[in-house]
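Here's a structure for you.
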Amino acid sequence: MDRNQIAKWLEAPAKMANKYSLHAIYFCTGCGIIEVPPVITARWDAERFGVIPVATPRQANLFLITGYVSVKTLRPIIRTYEQMHEPKYTVGFGSCPVNGGMYWDSYNTIKHLDKYIPIDGWIAGCMPRPEAIFIAVTHLWTLIDKDMAEGYVRYRKSYRAYRRNQEMALGKLDWPPLYPVSDEPRGDEQ
Amino acid sequence: MVAKVAQIILSPILALVIGVFFLSLARKIMARFHWRYGPPLVQPVIDIIRLFYQKSVSHGQMFDLGLILSLAGSIVVVLFLPFGPICPLSGSGGLLVILYITLLAPLGMALSGGQGDNPNISIGISRKLILGLGYEVPLLLVLLAVMTRYKTISIMEVVSAQQRTGWSLTSLPLLLSGLSYLLILPAILGIRPFDVSSAPQEISSGPMVEYGGKYLALAKIEHAFALFINIALFVNLFLGGAANPLIFFVKMLVVFVLGLCINAVFPRFRIEQAIKYLWKWPALLAFLGLIVTLATRG
Amino acid sequence: MSKSLREELESTFKNIQVSILEDSRMAVTAETHSVLAILRFLKDAGFDHLSLISAVDWIEDNVFELCFILTSYMQNDDEYTDRQKLHIILKTRIPREQPQVKTAIGLFPNAEPYEREIHELFGIDFEGHPRLTPLLLERDYEIPPFRKDFDTRKYVEEVFNSIPPIEIKNK
Amino acid sequence: MSLEILLIIAFGGAFLTYLLGKVSSRARDSFAVAVSLGLVAFVAFLYGKPLEKTFYFGFLDLDLVLRLNMLSWFFAITIASVGALSIIFSLSYIKAREKTDFYYLMMLLVNAAMLGIVLAGDLLSFYIFWEIMSWSAFLLISYNRGPALAAGMKYIVMSIIGSVCFLVGMLSLYVSFDTLNISQIAPAIASASHGYVLFILIAFGIAFGIKNAVLPFHTWLPDAHSEAPSPFSAVLSGILVRMGMYGFLLIFYVILGLKAFLALGQGLYSFHYILAWIGAINIVIPTFIAMLQNDSKRLLAWHGVGQGGYMVLGVALGTKLGVAGGTFHIVNHTSYIALLFLVVGAIEYRTGGVRDLNSLGGLAKRMPITFIGALVGACGLIGVPLTNGFVSKWLIYKSLILEGHPFLAFAALIGTWGTILSLFKFLHNIFLGQLPEKYKDIKKAPFSMQLPIVVLSLVILVFGILPGIPLKVINTIGTSFGFESLNVTLWGITSETGTLNTINIFFAVLGAGLVVWLLFRFAAKSVSVPQEDSYAAGARTPADKYHYTVEFYNPLHRMIRPFLRDVIDEFYYQIASWVRAFAQGMRRIYSGDVGYYVMYIMLFLAGLIFVQMRWEIW
């Protein structure tokens, strides 16, 4: 934790500020949300690291995908992710967002979440303990340091592919595309 | 003249520093109440820096100008408030002007929120205005009691009078008004028992729903100024406003920590309960205070 | 006590099998056309709470089986008669091709969501149901997913795994 | 250039417009605007020239006097300018309606009658112009038929009662002093007994109280303002209602004189103290009723009643600051209430007559100039610093507090917060929030509507930042009443008990705003976003259903609803129904066949004979 090193602050204030002020949006996407209250209250206290839950995506820059993602929940997840402001980071809890986990053959869950929204970090464990969440936060710091937590840049650059995948999974989406999607025929690859 | 210009530039910066310090103190003390370490004291500064680097979303001209007007209004009020000996613009209007310029901040925030196309914001603002009406009844009675007791509308004279005759909180007629002011201070500051307007659980932080990067930063800074203004007003009117800034700061600290203790242990009021509370005991105390001041004024 | 209910049922309705499972369980199987009559009879007999409607897909016998589970609210708790303890499960079998049944909303208004769910997941049509719109599923399926002949792995393979991953651009 | 030419232009212009209307509507419109602008120039030209012109008039050898002093000039310039602005506004507002010639005739007639009232030097001509004003206002209120007829009827009944009281007062003055010339009555009444003075005050007080909608007589105002066409309701609520205040000033300070007025009754029961309390109550109750209205014009009408309380409070105080504040508040109120009514008129014109606050929304995106006007008007009505409302309220509060009336000051200050709540609801429900589907492609207000809105907004801001301009005029009025003069600087009042300096506030707000704006500009860029892209917990924002307007202050509404029934209005309707029942009973007497009438005569004669035999009266 290099929060108190003034030199780093002067040299890269934006990066340091992003690292030590992560506002997580309080959105229960799956079964893992039961782990978040102990993380933010007395026993484990995420506020020591500058992580506090906020109510709206506008104020947030960290999105915790806690647990399996059903097809119905994917729609609000995408909507919330698009309403967050850059730079924004997402962390997937457990194996279900990775490849569907134990619901790998269910007709109703999303298998590979990173086909629809970019994920910056994964935590193993079904459901990861609060300490694992803190490890994830520290890893996120190192990623931010090394400029590898660039999920939002990926989303912006290859938005058309993401949008196509979302429409394939959810059918018609009732909100306009976040970035201008040039409407030449769908099949091409950038 | 140079001293006056220096004061005009210095006092908003001082107010900002103290306000942000109060914000960080609030988070630290709240954490201590919950038996947890809580963020470092410099966390609000980190938040604000991050928010200024974050992109954001705007819903139209009024959405930006309203917020700018509200923060400008708070800065202007700071110019009128004496902070110890420093008081840049006290000469032009006194307590009435302060009372009316404090309207600019909620009005600006309300107009900017109104443009935010979101019913959560409108509900938050209507609650904030109703709460404002709620605590305005006792607050006005208290301010009128102070003004009739010292027979002046200028805040500097109230402070100098208190230097001579001791704190008005301890002098008998204004004791009731002082108690009533203390009872409504959490409502004025908008902290826990009365934070109905920015309740994260019910209306997802009310007027701040659509505030992204720099908007949220400006809103936090405005909240810091509001803390400074309301506590400085109380200290000036009732605790005699000190000769040197340090004692003034210590008095403000005491009052703020007292408010924080209330904030940490109370659940949130519903808006009707808040109004019923505000219009019952504090209003009665303030009314009695005014009657006693009128009687003893002779 | 449940013996008398059993005699009443067997006497009023023909080709109906009533069996007492444990002390407070009674299973009744009947033909489809007399289901509503039995439901009315049981409702009048004090079983005014339809706790569940569910369906079972017996694909070998090429038949669906609808199960109505009835209990009675404990109105008078003091004389807690054993009839009030009784749970009745009413079963009926309907053919798998164009399965159709009359809705039970007239008797039990709370049957509406159960019937919508069964319609969506099994494809059983409830005649006279006001709103057979989709309740739970996000996408539309040609074979309703709870049927045995719905191959979920094939579905996942052709729907989800066919979506191409996003290639990371030149890093 | 003297006063009767002014009145001839005013009245002649009105009738000429009507005739021109027969010829061509374009000529009529331009002529009406020319006449009203000419009046403004003429009155402005007469600044500072005290004129007095008496005409011998054969009736009862009374002389008809026209005179112009600073007080009447102050009102005349307000009347002329508001009249001109509303005429310009109604060019496009009334174009699509029928009977437009009649409308312009009536508007100019009201304008001329008010000028006549203000220039009248004697009570008889005052009364004549007063009646012309009341009648033309009645015809204009019931202009768009339907419910407006009932509102007009209610208005005319109450103003007739007021005129009758005025007539009673005027005749008793004529009988006791056999002159109606104001300048002659003033010295004569000084010697009159307190009881007689009180009677005169009560008689004229009722007449002017009804016109100024003081609390017990306010019930006609909400209906009249909401049913009248918007340009006229701007004039009606702006200046016509304030003729009552002109009457109060005339009676209290010109006829009665300062010392006699303050000497009426002593201590807590003095006349002016009771009047001040009526003014204070008049501030609080209507403002809270206004908060719960759902019709935008009724909301503004109730504010007209509320703000009248400030003027009565200021004028009744009898201190130099209070009277200055009260008179200044009259002009301020005219500027922002007229602006708000014109804004509602523009909205009505564009949305096809929609006034309901629950079905509008988001119009700021489509009608920005109207929104800016509404914003400045609302800030003026609330009394936000840098607007003229603040300066006049500051004067009234300062005199209230320094004179030691804290409870009056409390009522006035609570009125301000009530205004904030109701005016934010007005702004929010019409201009902010989601734009409904049906107003997606609504056009801006036409230029002829935007001009008056912009002019009035400028007046509010200029008088707010540089209050010295109007305060100099008000100071001369104050000294003409006998108060010692306030040392007025260009930006406020300097006095040892606390000075007001609006330039400091202006530069402070400007500087702070600039600093914050720079901070805002140099932070990360922000993307503007359509109204659908708003937080809805991940769901889609439903069109047309995502704007919170109905029951805007519901919690407060539930708490104070029982205290806000308009009891006085119900009381008047109760009287009306009794009178109708009584008349119904009397109607049965005229049953139509002669036999009954003969019987009535015989019975009456028998009664007379019986009385004569019994008591021999003759």
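The first chain written gets the first letter, and so on, giving A, B, C and D; residue counts start at 1 in each chain.
Simple rule for what comes next: a residue touches a chain if its C-beta (ideal position, glycine included) is under 8 Å from a C-beta of that chain, and two chains touch if they have at least 3 such contacts.
This structure is a prediction, so every number in the text was calculated from the model and none was measured.
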Inset, instruction - Out of every possible chain pairing, name the one holding the most C-beta contact pairs. - result: B-D
Inset, instruction - With centres defined as the mean of C-alpha atoms, identify the chain lying farthest from chain A. - result: D
Legend entry - Chain whose Cα centroid lies nearest the overall Cα centroid: B
Legend entry - Approximate Å spacing (C-alpha centroids) for the pair chain B, chain D: 36
Legend entry - Between chain A and chain C, centroid-to-centroid distance (C-alpha), Å: 40
Inset, instruction - Averaging only over C-alpha atoms, locate the centres of chain C and chain D and give their separation in whole Å. - result: 71
Inset, instruction - Would you mind listing the residues of chain B that make contact with two or more other chains? - result: 53-57, 204, 209-210, 212-213
Inset, instruction - Give me the residues of chain A that touch two or more other chains. - result: 56, 58, 75, 83
Inset, instruction - Pull out every residue in chain C that's touching 2 or more other chains. - result: none
Legend entry - Complete list of chain pairs which touch one another: A-B, A-C, A-D, B-D
Inset, instruction - Quick one: which bits of chain B touch chain D in the complex? Just the residue numbers, please. - result: 12, 52-62, 64, 67-69, 71-73, 75-76, 79, 89, 91-94, 96-97, 99-101, 103-104, 107, 110-111, 114-120, 122-123, 125-127, 129-130, 132-133, 136-137, 140-141, 144-145, 147-148, 151-154, 204, 209-210, 212-215, 217-218, 270-272, 275-276, 290, 294, 297
Legend entry - In the complex, chain A residues that touch chain D: 27, 56-58, 75-77, 79-80, 83, 174-176
Legend entry - Residue numbers on chain D that touch chain B, as the complex places them: 362, 364-365, 368, 371, 375, 379, 382-385, 390, 393-394, 397-398, 401-402, 404, 406-407, 409-410, 413-414, 416-418, 420-421, 424-425, 427-428, 431-434, 492, 497-502, 504-505, 508-509, 512-513, 515-517, 519-520, 523-529, 531, 533-537, 541, 546-549, 552-553, 555-556, 558-559
Legend entry - List of chain A residues in touch with chain C within their complex: 70-72, 75, 100, 104-108, 110-112, 114-115, 118, 154, 157-158, 161-162, 165, 168-171, 190
Inset, instruction - Show which residues of chain C lie in contact with chain A when the two form their complex. - result: 136-139, 141, 145, 150, 152-153, 155-156, 159-169
